[in-house]
Amino acid sequence: MEELSSVFMEAGVLMAVGMAFVFGFLSLLIIAINLLASFSSRYPDPVPSVKQPQQTASSNTGEISPNIIAAISSAVAHYRQKNSKA
Amino acid sequence: MEELSSVFMEAGVLMAVGMAFVFGFLSLLIIAINLLASFSSRYPDPVPSVKQPQQTASSNTGEISPNIIAAISSAVAHYRQKNSKA
Amino acid sequence: MEELSSVFMEAGVLMAVGMAFVFGFLSLLIIAINLLASFSSRYPDPVPSVKQPQQTASSNTGEISPNIIAAISSAVAHYRQKNSKA
Amino acid sequence: MDSLNTLWMSTGLANFELGQVIMMLVGLGLLFLAIAKGFEPLLLLPIGFGAILTNIPVAGFSEVGGVLHYIYYAGIDTGIFPLLIFMGVGAMTDFGALIANPRMLLLGAAAQFGIFATLFGAIALNAIPGFDFTLKDASAIAIIGGADGPTAIFLASKLAPELLGAIAVAAYSYMALVPIIQPPIMKALTNEDERQIEMKQLRHVNKLEKIIFPLAVLILTIFFLPAATPLVGMFCLGNLMRECGVVDRLSSTAQNELINIVTIFLGLGVGSKLSADAFLNVETLGILALGAVAFSIGTAAGVLMAKLMGKFSKDPINPLVGAAGVSAVPMAARVVNKIGLQSNPHNFLLMHAMGPNVAGVLGSAVAAGVLLALVG
Amino acid sequence: MDSLNTLWMSTGLANFELGQVIMMLVGLGLLFLAIAKGFEPLLLLPIGFGAILTNIPVAGFSEVGGVLHYIYYAGIDTGIFPLLIFMGVGAMTDFGALIANPRMLLLGAAAQFGIFATLFGAIALNAIPGFDFTLKDASAIAIIGGADGPTAIFLASKLAPELLGAIAVAAYSYMALVPIIQPPIMKALTNEDERQIEMKQLRHVNKLEKIIFPLAVLILTIFFLPAATPLVGMFCLGNLMRECGVVDRLSSTAQNELINIVTIFLGLGVGSKLSADAFLNVETLGILALGAVAFSIGTAAGVLMAKLMGKFSKDPINPLVGAAGVSAVPMAARVVNKIGLQSNPHNFLLMHAMGPNVAGVLGSAVAAGVLLALVG
Amino acid sequence: MDSLNTLWMSTGLANFELGQVIMMLVGLGLLFLAIAKGFEPLLLLPIGFGAILTNIPVAGFSEVGGVLHYIYYAGIDTGIFPLLIFMGVGAMTDFGALIANPRMLLLGAAAQFGIFATLFGAIALNAIPGFDFTLKDASAIAIIGGADGPTAIFLASKLAPELLGAIAVAAYSYMALVPIIQPPIMKALTNEDERQIEMKQLRHVNKLEKIIFPLAVLILTIFFLPAATPLVGMFCLGNLMRECGVVDRLSSTAQNELINIVTIFLGLGVGSKLSADAFLNVETLGILALGAVAFSIGTAAGVLMAKLMGKFSKDPINPLVGAAGVSAVPMAARVVNKIGLQSNPHNFLLMHAMGPNVAGVLGSAVAAGVLLALVG
């Protein structure tokens, strides 16, 4: 019985410390996001300048695969053919 | 020589037992499929009600990826542009 | 100091042997490609006959996936619908 | 004759134990829930199938040399599979709504009360004869309240591997039951006026914020809770790949093919822990009961916190969004939206609920880290 | 000078053994068959390439530390790769035709006579000096008659790993040769009238049947032949994912990216077993001869069974469809269709042949299970 | 109180070492280069992230039981990940331009002088106190001059694993810097007239040549340099899958999903070697300096070789294309094209530069093989 109450105590402490930590941590994150927002507001979305480096890099990220191009070409060709009959 | 004939015997028994088992098993499966058919006939294809649960679940199964959408949009735009010239 | 010079010597030999080997190997490859070219020129691109065997094989290589077909069909349908309004 | 006897002795019929039969029925039950009821099918289908396979007599799926044995030890015991799932989930998650309204993090924090209260409850269950949960067991069970599958599996594999099967099944089942568990609690704790509250439209979040956000989360976690960095780190890696815009092919693979492959294996591996001796005991009943409690308390804590915040906030806060703090992305947010529409057909809360919803993911990863640091 | 000597001693030319050269030519031959002749290229290309790599002197691809060594032991010795392939094949297989006409299962059963007759034949070969097949070896060889690659690889990895290379090569080669091996046998055993028989159109199979079917197969296997559950179980998992309709993203990954990745590794791993000492012996010739016999006997047994069934059936049965019972999906069914069209240009047997064709997959998995249970 | 203390002792703040902080900043720096500057983001992003993770105190990512530990030992220590990347790169590479003009191979050979000169330079650095590179270390460092990531990682994992992190970072960074490093050297070694030279259009290459080419490369490598066959073999397998036309689904998976998955893991695994004690020393500075030298010498050697060949060639050769011989595919070829256009706006050198560019890949794989054979 004694042991049980000591584990209870431990669980209670865990609950208190845990919730405090979770709240503390996420509160810090709120502050961090607010700081981040004020920092980022100085750099409005520079979409093109972020995309440019990638094109010069040797990645083919974002390129549409030839298979899909082929699929689309044939689909469009098919559709055009159908349309021209109508 | 004796040994060989005993292995032969063993192989023969394997052949008999094996074929009997395969036939027996697949025959049972025939019975099972017939039972299944009579059971299932009571539940004609409920296509929409089977599909619904998935949409409420957190899966994005079956969604077409944004890449493909983008590919198609550009293909269609391209085609429209070409068409409008003609 | 003596040891350093012996490692230097080793590095020098490595450099000489290595470059010689790389040049030798790639020179052989030049010869091989030239032989290959004269051999291959007797077999001009037999595209259809190379493709045929695949169709009889049990692979579904190169088939466009049903997902993509579905995507395209819906895109084309969408486009047609839009077009018909205009 | 001898062959026939060998063959008979190698049938399942000659070797069945009752527990195996029951566990196969449990596996079939999970398949039924997944297929017919749409309960988190991506995980529960492979889990249910794995449960059937692992209980087949003679076949030895989960013994040395069996395929489920290799899957479990290579992917779950090492923690790799749940971490890869978490990376994929990170690559699927848009934190825009949370960055636009960061106070929603408090709702994600409050909802974690479901975890810690359940931890207490699991220890309390020890008072009942038959239960004997250690603090590690209790912690692993409590994380069900986090409403996050990979987090629960990761923590259970570290703290209480023998309970892993029951915990994962409970976590995914209750996540599927969110539309049934949450609404009564949400309605009981709010009045009609509160549920009709409309919230201010969210500001636009720019690209730079979205890129730095996962790094900021990671750095804070490194500073204060390194024990959570496996989970948070892989999640942030996925999110950074998504937002940075220069590795789209990696991001796409992480949230499609890779997560699909890992999901199949993770499910089978979890299912392999659903053996009769690990599952058919009173502790499993306790776990299922505690899981339901955990979800309920988490939901209530989220809603009450939202009410409290509403009192002190200059911008109005609809207390329903607090329920989304348990995570269960995106189901809980959809439930909030639906209940909100019932009171006010012009009030779309979905985007507002996405903030606490993704906050809940972070919150339970942090809670898991606390438990690992203090109990593990 | 020393460097030059070291370099020379590290060339292939200075270290070649005759056997390695011959095996590389065998590898090139497999590549030729795969690329120029279209023989099962998805497997034979990586197998042929693996055969070349494993026989390179000095490089040590299949020794400890070599990449093929890791691939073989991680994926084939454990059985994981063939099982994943089987899962993918399950996800690709439509059992509709079989469910609509379940008696076709008997054709799939009859064609397995090819397996058991070959087992007998392999033992008989021991009478010739130079052959010394154990019962395990004979069983692994006989499974070639199942006309199913992953089943053959799985069984060979369990019963006779040293014969794995030759068995896999024979299995895939003969599967590619089905359009050449089967027609003469089919024509010899049927007359023109029989080949012209038209069959009744198949009934519609509903979704529920297709969902329950893989589970029913699994349960029967659990009851009567647990030794077959690794193969049958993974196959049924794939098929359930396909048919259930709620995990399409998993099903798609299983039948595309995952099976492709595993196919590359499986092929390389099988190729790694094509070393000179394991392949260049009279036993390989025996295996190749027995494989051809197995396919022929299986085809004949299927056709004869179909003739027998036709005698007792109220609906007409074209005996040609029996040939599809060897599996080799979907090639054997296509051959049936083609031979049928030669006799009756309006008779499309393809769908009718798909029933015995997929039945043959189940039949050989069951036969593999019997061999594992009795010999393994 | 005790809990609070345990919690504090488990924070990062209580356990930081200076070296870890610096290495995290290095990791953040790599992320910055990857995301903001577009420096080889596919590799440098996961490497940078891995560097952060591995330096987190308490978390133990790279200790036994940590996820990065498993990734490193399963994929990099075995050499499997770089080999799979190389297979994917092979499946992406079109050798048409090289087959059409095979003399370009000499440019790919000349540019490897960057490797061997750097090897000499690394040994020379030992004269400076603080440096103590063995011949193995020097060889691993020199391979940076090959401008090929997977080759560098593969060789470093075999010859100098403790330098792997620095070598990989240097290799990818300088590859990203090719557009900055090469132009001044190219312009210094050529005059305006030379840069304006137009080259003869390349002949059509037929399918058969493209299919046999990878096999021919493999066979020559087997004959003369088996030590290079892991790299060359996997590369040729990828290229054969691409060109043969019968296994498109395998080829597509190798150059998409599989390479993406492996890239994520490879990057994380390389990053796990960026620990403070392995990176924060004067040797890293030496590696970075030598890497820049290697690229420069390789570029110069390629350009000079092209000038020399131009003197003896009947068809004109623009010496700029020699710079592409370092590989860094396709960046170096693009740089050649751009510099060429500056002198002659109608002169498109891209296709002509692709020949030496892919020749450079083969050249550095061969050089790596020589180093493995002589030093490994």
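Going by the order they are written in, the chains are A, B, C, D, E and F; count residues from 1 in each one.
By definition in this document, contacts are C-beta pairs under 8 Å (C-beta built on N, C-alpha and C of every residue); 3 or more make two chains touch, one makes a residue touch a chain.
What you see is a predicted model, and the numbers here were worked out from it, not measured in a lab.
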{"item": "Joint neighbours of chain F and chain E, given as chain labels", "value": "C, D"}
{"item": "Chain at maximum distance from chain A, centres defined as averaged CA atoms", "value": "E"}
{"item": "Residue-number overlap at the chain D/chain E interface, same or different (half cut)", "value": "different"}
{"item": "Between B-E and A-F, the pair with more C-beta contacts", "value": "B-E"}
{"item": "Whole-Å gap between the CA centroids of chain D and chain E", "value": "41"}
{"item": "Whole-Å gap separating chain A and chain C, where each centre is the average of the chain's CA atoms", "value": "34"}
{"item": "Inter-chain centre distance, chain C versus chain D - centres from mean C-alpha coordinates, in Å", "value": "44"}
{"item": "Chain D residues counted as touching two or more neighbouring chains", "value": "3, 7, 38, 41-42, 224-225, 245-247, 249-250, 252, 256-257, 370, 374"}
{"item": "Set of chain C residues in contact with two or more other chains", "value": "14, 17, 21, 50, 53-54, 57, 59, 61, 67-68, 72, 75-76"}
{"item": "Residue numbers on chain E that touch chain B, as the complex places them", "value": "98-99, 102-103, 105-106, 108-110, 112-113, 115-117, 119-120, 123-124, 126-127, 135, 138-139, 206-209, 212-213, 216-217, 220, 224-225, 245-249, 359, 362-363, 366-367, 370-371, 374-375"}
{"item": "Residues of chain B touching chain D in the complex", "value": "13-14, 17, 21, 50, 52-54, 56-61, 65, 67"}
{"item": "Contact set on chain A toward chain D in their complex", "value": "4, 7-8, 10-12, 14-15, 17-19, 21-23, 25-30, 32-34, 36-37, 40-41, 43-47, 50-51, 53-54, 57, 59-62"}
{"item": "Footprint of chain E on chain F - complex, ascending", "value": "78-80, 83, 211, 215, 218, 222-227, 229-230, 233-234, 237, 240-241, 244-247, 249-250, 252-254, 257-258, 370, 373-374"}
{"item": "Interfacial residue positions of chain E with respect to chain F in the complex", "value": "3, 6-7, 10-13, 15, 24, 28, 31, 34-35, 38, 41-42, 45-46, 49, 52-53, 56-59, 61, 65-67, 70, 256-257, 260-261, 263-264"}
